[in-house]
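Same chain, two partners: subunit A is paired with subunit B first, then with subunit C.
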Partner chain A sequence: MNRFVPQMFTEWGTVDLNYSALLPEIILSLTGIMIMLVIPFVPTARHVSLGYPALAGIAVAFLSLVATRATWDQRGEAFFYGMVFQDPFALFLKVLFLFATAALVLIAMNYLDQEDRAQGEFYALLLFATVGMCLMAASADLIMTFLGLEILSISTYVLAGLKERERKSNESAIKYFLLGAFSTAFMLYGIAFVYGATGSTQYLIIAKVIPTSESEPFLLLLALGLMLVGFGFKIALAPFHIWAPDVYEGAPLPVTALLAVGSKAAALVALVRILFQALPALSPEWQVLLWMSAVLTMSIGNIAALTQTNIKRMLAYSSIAHAGYLLLGLTAHNELGTQGILYYLVAYALMTMGAFAVVQIVGGRDEQYIQIEDYRGLGYRHPFLSVTLSVFLISLAGIPATAGFMGKFFLFAAALESELYGLVFLAILASAIGIYYYLKVIVLMYMGDFQEETGTLITIPLSLRIVIAIMVLGTIYLGILPGTLLHLASEAVNF
Partner chain B sequence: MIPVTHYLALAAILFVIGTCGVILQRNVLTMFMCIELMLNAVNLTFITFSRFLNQLDGQIFVLFVMTVAAAEAAVGLALIVILSRRADSLDVDQANTMKW
Partner chain C sequence: MELIFFYILAGILVTFSILTVTAPNPIRSAVYLISALLSMAGLFFLLEAEFVGAVQVLVYVGGIMVLFLFVIMLVNVREMETQRRASRHWKTAVVLGVVLSSELIFLVVRGADIFSTEGIGSNLIVEAQTRNTESVGSLLYSTYLLPFEIASILLLVAMVGAVVLTMKEK
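And then the complex of A and B:
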């Protein structure tokens, strides 16, 4: 009777606790816990300044990545019992997530400064969410992906509802929570079937087992479908995007930026790893599904954005559309496509976070100036904000000499390389529609009649000024000289 | 000896009941319970495969899933409490301040 002799103990004889693979996560978690512990002893008036330890934690995490730079090239080898990779792909994304979080902390400091009741736990939750994102980028096992996703999701459920006195924020949180948990169940059911069909949840083993006759094709297809539903919800792909506009509109602005950039990027790269590393054998099937979803996502996102009057909601639909462009890189399933995804994620993070930073400043106390109409004449009132917002919107629209254009160019080129002519044609049509609503805001800022009464005094903290300036420069730099980043991305894509 | 398909079928039925519940019910608490039902259907599937494949991995995953579900429940119930205070109702159809 050795029916229940645990096989794994004999298989996993070697201990591979490679802590350098998880250093950033460990540092961020410790910083987050420390902030949580300190909060009761900090007077409420000074909660905003808890952002500084958060920034310090992010800086240390970044330095730890720099210090262990040489160890991040172990391709095709997983550590912690096959749970996490330590490859250039993970490094690239961890650096991106750390920079994005640093910018978010600065936006959040500005946001909390304007609130009546500052909440220090905002920073801790932000750091925990980043831990989840980093784990997802490095994950080598479906269970690790699930855990990373849940660390990210549970933190963002709380963050979305943090303005607990406001009805919109409550609604946003409850909608996000219910649909998030619902989609997680689908994803888990898919994982269970992958486990049933292949006997493992590790990407590398799954990829090895699938071509052999041991795996059940029906179970695998079912698993693929369920997992795509789960990820579709998280990335807000049509037809699973319905929650996104409501949640983005109701959540506090820094959280909206986190959801639009961090959550989406993390779920997308986890999907890249699963599809490319674990399920490449099923690519004909998932390519068809992603093709359809990409077309739907791009058209729905762009067309729905046309009619919006709230800029947060407009940016929400725009972020749905951008997820559609990113799907082109997945559908293409080639090296250029993966490079394009990484490049576009950086570009997208720069321009979207930049746009949200400006919207946060213009929105002011309690986000009162959040309608597109409020931007009328901003060009005369505040040249810095309107010029920078214009750059971000032009980049989001994908007009040449900006990062958004270059990113789209690589994604479309990758799709053409895989002979997806129809998809590229539709993507170009969709982005042409997109230009209209981005330019509408710019036109309003510069050409609308300037009404004195809407003009309020806007003060921009120096830190945000610097962040926005860096993002503008990055957006333009990546649009004109894409070489450096593309080189980094090409190094990162060899899993 | 009950064949493995019976367990899988039971899990699938539970999962479908949970899914239908989330889609059809209008009460936030009921919807949440239906989600928990779906997660437990997944757990049952994991355990079935674990037994079928003669591995312990699947059962360990169940522990992870249960832990995460508990964490999710803590956050979710807190959100539901806040909503019920604010909106005086747990009906999701009332949560409609944002549209289009």
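And then the complex of A and C:
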């Protein structure tokens, strides 16, 4: 028996509490609250350094995951009356989210420093957003998924609007908030219908009830559709992607990275859990829907990215396209597909976060240098940034020997295993289009006419330099030796 | 007896709902809405759902409506009275109205058959004969303990967010 589980017997039966399943969430929440409590006592000039306690909290949360790993068995089980899972899948993703947040905190420190902003709340909201993501990854119940999603969404609505004097940031926040609230309503409606049709909100009970239930299949299909709309919005799947470029462009850069990586990954894995654990019986229906959405998402994302002149918008469309590739793993609905999704999420987090970190540094104060044209000749001015950005872009394009290629390879292989030949063909076509706009930036950096410009002196803080270097190494390592991570991912799909 | 009360409450509800939509003055509209919500709470009490009834009064009448009134009083009421009554979006309203009413009719006619009740029993540990508020309370502190606690973080984030967004920069 697990020694972290206090057993209490009350008139309602066993109290099923196991705090070790929630340690990272608890630690991150406490760190966030503590940061907010000390903000009034910190002089405004030193608000930026509040990132260090945030980093410490993330490190402690990570250690807590490592320390409790040995106390539960491989299969994992649900706690708190079937509300959260403690299983390898959740562990894998929580570690990913913690690393992503640590990188985001470092990017945010650079951002707040550059913009000269005294906003210690930035870190607290980042940590709360991570709590939401972790809850979504571990959730075993639709109610928990909804709560996790809302914690994540509300934090990001606020973060997107933090540049209150800038109209674009306000526009971004309002757009995201209104559309987000609307899509949440859709999802909640869907959850209510699932409860109506099955009498439960717990994934495993829903899966058990559906095949034997005599209730109308129409009700469940309606619920499935409504939930897909809600998740589609959060993941920015076509045709619910329209908000993404505007919001990504207007939001402060660390927030854009959070939206592109964290939000997207968390919503996707929550969807994986719902579709695979709760609604596997409906797989013929949702496979068709996801097939269509994947084709639309990949083609719209890649084609629209071709014409962008703003690098933030280009990366926004590119992240839409990548969500499309991830859908291949979902549509395939097999073990390799889930492994592929996990692998690709790690690769995607590395390369996208890395690219955004470089864009943040090049962008400078008030994001002056955010056009793709601004990268002309960067290769001569700043070799470190241009080499690393090239690696990230090559990986995003999916060229061999990078993590992006391996990730795509696993996803496509999974889709082939499920005999989705047409989908794989279209995906390869779409990624071939994608290569053009990624390489365009690289070509511009190295082959564009170089003009000596003043005022583009770039300083990179050591911490960010290290982070970017780690991401580059990770991208290359995963592209050449995918074995270790793939092994971890294959353990994590045991849910 | 119950039936008489139902018709009285339902009548009040429908009347005030119509008045809410048609009243030219937004403040009056809001007050009519309060009355409509109160009679809705009465309907809940009639169904022996005391908890939902009380929450209806506290949250909707007490909280949300006061907020509505505040917002309405901050904007210029006189100007709004002279504006066109029928919204430009009446086509959307008609479509939504048709969808929602067909849904309502469908559920009233077929609802009992299509909503399964088999799983519900296993989820609820509490006996059916205990009082409504008690059952909600014991569920909140047993099965739904975790969501209940997590909701506090959600509320904290929402509160902090509202303050951060409206705070003047130092």
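In this text, the second predicted complex is superposed on the first by the 473 of 495 C-alpha atoms of A that agree within 3 Å, B and C clash if a C-alpha of one lies under 4 Å from a C-alpha of the other, contacts with A are read in each partner's own complex, and residues count from 1 in each chain.
In this text, a contact is a pair of C-beta atoms (placed from the backbone, for glycine too) under 8 Å apart; a residue touches a chain by one contact, two chains touch by 3 or more.
All figures in this text were calculated on a predicted structure; none of them were measured in a lab.
Asker: Between subunit B (first) and subunit C (second), which does A:199 come into contact with in this model arrangement: first, second, both, or neither?
Answerer: It touches subunit B and subunit C both.
Asker: Would you check which partner chain A:307 touches, where first means subunit B only, second means subunit C only, and both and neither mean what they say?
Answerer: The answer is first: A:307 touches subunit B but not subunit C.
Asker: Figure out whether A:147 sits in contact with subunit B (first) or subunit C (second), or with both, or with neither.
Answerer: Once the two structures are laid over each other on A, A:147 reaches both partners.
Asker: Tell me which partner A:174 touches in the superposition: subunit B (first), subunit C (second), both or neither.
Answerer: first
Asker: Is A:44 touching anything from subunit B or subunit C once the two structures are fitted on A? First, second, both or neither.
Answerer: Second partner only.
Asker: May I ask you to decide whether A:189 touches subunit B, subunit C, both, or neither, giving the answer as first, second, both or neither?
Answerer: In the superposition, A:189 touches subunit B alone.
Asker: I'd like to know which partner A:250 touches here: subunit B for first, subunit C for second, both or neither.
Answerer: The answer is first: A:250 touches subunit B but not subunit C.
Asker: What is the contact status of A:157 with respect to subunit B (first) and subunit C (second): first, second, both, or neither?
Answerer: It touches subunit B and subunit C both.
Asker: Once the two structures are superposed, pull the subunit A residues common to the subunit B and subunit C interfaces.
Answerer: Overlap of subunit B and subunit C footprints on subunit A: residues 143, 147, 150, 154, 157-158, 161, 164-165, 173, 196, 199-200.
Asker: Mind pulling up the subunit B residues that touch subunit A in the complex?
Answerer: Residues 8, 15, 18, 22, 28, 31-32, 35, 38-39, 41-42, 45-46, 48-49, 52-58, 61, 64-65, 68, 71-72, 75-76, 79-80, 82-83, 86-87, 92, 95, 97-98, 100 of subunit B touch subunit A in their complex.
Asker: Over in the complex, which subunit A residues touch subunit C? Could you list them?
Answerer: Subunit A residues touching subunit C: 10, 12-13, 15, 17, 22, 29, 33, 36, 44, 80-81, 83-84, 117-119, 121, 124-125, 128, 131, 135, 141, 143-144, 147-148, 150-151, 154-155, 157-158, 161-162, 164-165, 173, 196-200, 202, 205, 209, 213-216, 218-219.
Asker: Taking the touch rule as given, give the residues of subunit A at its contact with subunit B in the complex, in rising order.
Answerer: Residue positions touching the partner: 3-4, 6-8, 143, 146-147, 150, 154, 157-158, 161, 164-165, 167-168, 170-175, 177-178, 181-182, 184-185, 188-189, 191-193, 195-196, 199-201, 245-246, 249-250, 304, 307-308, 313.
Asker: For the complex, give me every residue of subunit C touching subunit A.
Answerer: Against subunit A, subunit C makes touches at 110, 113-123, 125-126, 138, 142-147, 150-151, 153-154, 156-158, 160-161, 164-165, 169-170.
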